[in-house]
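Each structure below is given as structure tokens.
Look for subunit A in each of the two complexes below; its partner is subunit B in the first and subunit C in the second.
Up next, the complex of A and B:
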């Protein structure tokens, strides 16, 4: 686990397969216009444009600045994952709950990053507004993770995007100071 | 519906693991060369098995079908939760035991294989290793202490990287290994990453300062509509 010791900006990394909602999530959290590096997709990835370097947004809360980086979803940009994760306070891996064809890729991304970087993480299962969608508890079993580390959300909803970040911080702080483990974790007033 | 997909995307061995906490019926449509399979499951126990609507009870036939699903399963699947009283009770087989006795013989698609640089460790779970996996396990297990990736295994075992990834896939499918988390290994010595990985990657966490995170958390909580769970 890392954190900036000088009171400077904290860094949050958002990763996941193509189409998981990473750019949307960064746009939802960011207070400033997101700097996106989208380009026309050179292969069939299910959409016309995709992130090729990273998305960048910022959030300033009571003077504490948070820099939010969204990684590219394609494996050939995986050198970016290590670069972006260095010194980050945490990692959020997003996966679309209605696209089981992407689960293996999402797990591979998570395991690649976390086996190389000592970084706290949570999983966000997006598209929870759909009728046919995997639920976070089932994906927790698939990822072989504690259910608290996997949370459902709609990436367009600010409260839900912030909720996922809160969960990451709660788990990270609980891990850092077990004696101060909160007696409850938050949940949102949604069906997620 | 919350558990659905294609066996081409989520292989049967992984699907079975997800359903082990559930009670209900797993429908596998056109899973066996066009034939449909229906499984009644109660938290990991196979209570009844039907192929094209016909019950299958004989242990050897059940095992053959599980083998075929692991090896060649295709088509769509979905799981429908049910109360145990709504399920048929024809048999009592632990699905996990059946899976341990099954073993994929066909080539594993590239997309299912772990990343070459993801490191794995032994789970140290007790239990017998299936005879089909013994040769792989005996070669790989001594190299897993501290974590081993397909890249390092390929070098040490003098096999191709693809072969090493396939070995790791097979061992992981039966929970003999699990991915190493650098965060959890930060307090114990970890061997250096493969020389082929050129990026400097922190393995030991630097000192933690939690106060900026606490400040951030407090502000986020105030901003967000919360209910205690």
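Up next, the complex of A and C:
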């Protein structure tokens, strides 16, 4: 097995509006049982439950231990975004591609978090399996971001979820090792 | 239909009013949903009821999870104490949370007695 690249687990945070697929994303990726903190939703958010504290999962990607924290999506829980982002080395903001009414909120979340924690981030546009859905390229324009930072995925697909993670890690490690060290390239096949 | 909703609110409001009357030193009491929305509040001026409701729900959610992991059964209550104040959070039925904000040095026996009764009453309404 390859040695730990960063000398310890990498902490990553998954945020985004309600219903973007954060909890699902963590559940798809985690190789250990996910610790979730869901409560019954009292509002109509299109599903039964909502995260009130965080989701926690872990996985090992090519020898790099990752700790993944999913945040709640509602603004009233924004104190948790601060708490969870402490010590985080990367951020994924998920937004449902079929909910353009949430795009502004996703951008606000991104702004809120990165203004307090200037860490590398990527945007994941979920629900890509739907016929009428905004594509990553559109969202890249909307967010005024490099298209490399915006990827589409279905949060239920392990390969796609890992793909988004890998994109973030490549950006994170590029940030952390600006000099001569070649950026480690992750493969999609887990070798565990 | 409306009358039923109103009387639920009234019942909850008077439950909190009674609690505050029984424990005059309290800084506040509120009832929230388990997903962090305030239902009824009797907080001191300057308190952010929305914030307290969300935090109480987060704390309760986390507490429930820890309780499950330790095989301690259904979560009933939890507390967060600082040098200058404390908050007690009670499960109120499946969908409710009662948060009681108190100064330090309160008679906890009395507080729990009153608060647990109130939480029980709330659980019957929600």
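The rule is simple: the second predicted complex is superposed on the first by the 164 of 192 C-alpha atoms of A that agree within 3 Å, B and C clash if a C-alpha of one lies under 4 Å from a C-alpha of the other, contacts with A are read in each partner's own complex, and residues count from 1 in each chain.
Rule of thumb we're sticking to: a residue touches a chain if its C-beta (ideal position, glycine included) is under 8 Å from a C-beta of that chain, and two chains touch if they have at least 3 such contacts.
Just so you know, these numbers come straight off a predicted model, no measurement behind them.
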| query | Counting only touches as set out at the top, which of subunit B and subunit C does A:80 meet: first, second, both, neither? | reply | second
| request: Return first, second, both or neither, reflecting whether A:131 touches subunit B, subunit C, both chains, or no partner chain. | output: first
| message | Once the two complexes are aligned on chain A, which partner has more residues of subunit A within touching range, subunit B or subunit C? | response | B
| said: By the touch definition at the top of the document, which applies to A:35: first (subunit B), second (subunit C), both, or neither? | reply: second
| query | For A:115, is the partner it touches subunit B (first), subunit C (second), both, or none of the two (neither)? | reply | first
| message | On the A-aligned overlay, A:165 touches which partner chain: subunit B = first, subunit C = second, or both, or neither? | response | first
| remark: The shared contact residues of subunit A with subunit B and subunit C are 79
| In their complex, what parts of subunit B are in touch with subunit A? | 1-6, 9-10, 14, 17-18, 20-21, 111-112, 114-115, 117-120, 147, 149, 178-183, 185-186, 193, 197, 199-210, 212-221, 223-229
| Given the complex with subunit A, which residues does subunit C contribute to the contact? | 33-37, 50-51, 53-55, 57-62, 64-65, 69, 94-95
| said: Which residues of subunit A touch subunit B once you look at their complex with the stated criterion? | reply: 1-5, 7, 10, 61-62, 64, 66, 75, 78-79, 82-83, 86-87, 89, 100-101, 103-105, 108, 111-112, 114-120, 131-135, 138, 141-142, 144, 159, 162-163, 165-166, 169-170, 172-173, 176-177, 184-189
| query | Once bound in the complex, which stretches of subunit A touch subunit C? | reply | 35-43, 50, 52-53, 72, 74, 76-77, 79-80
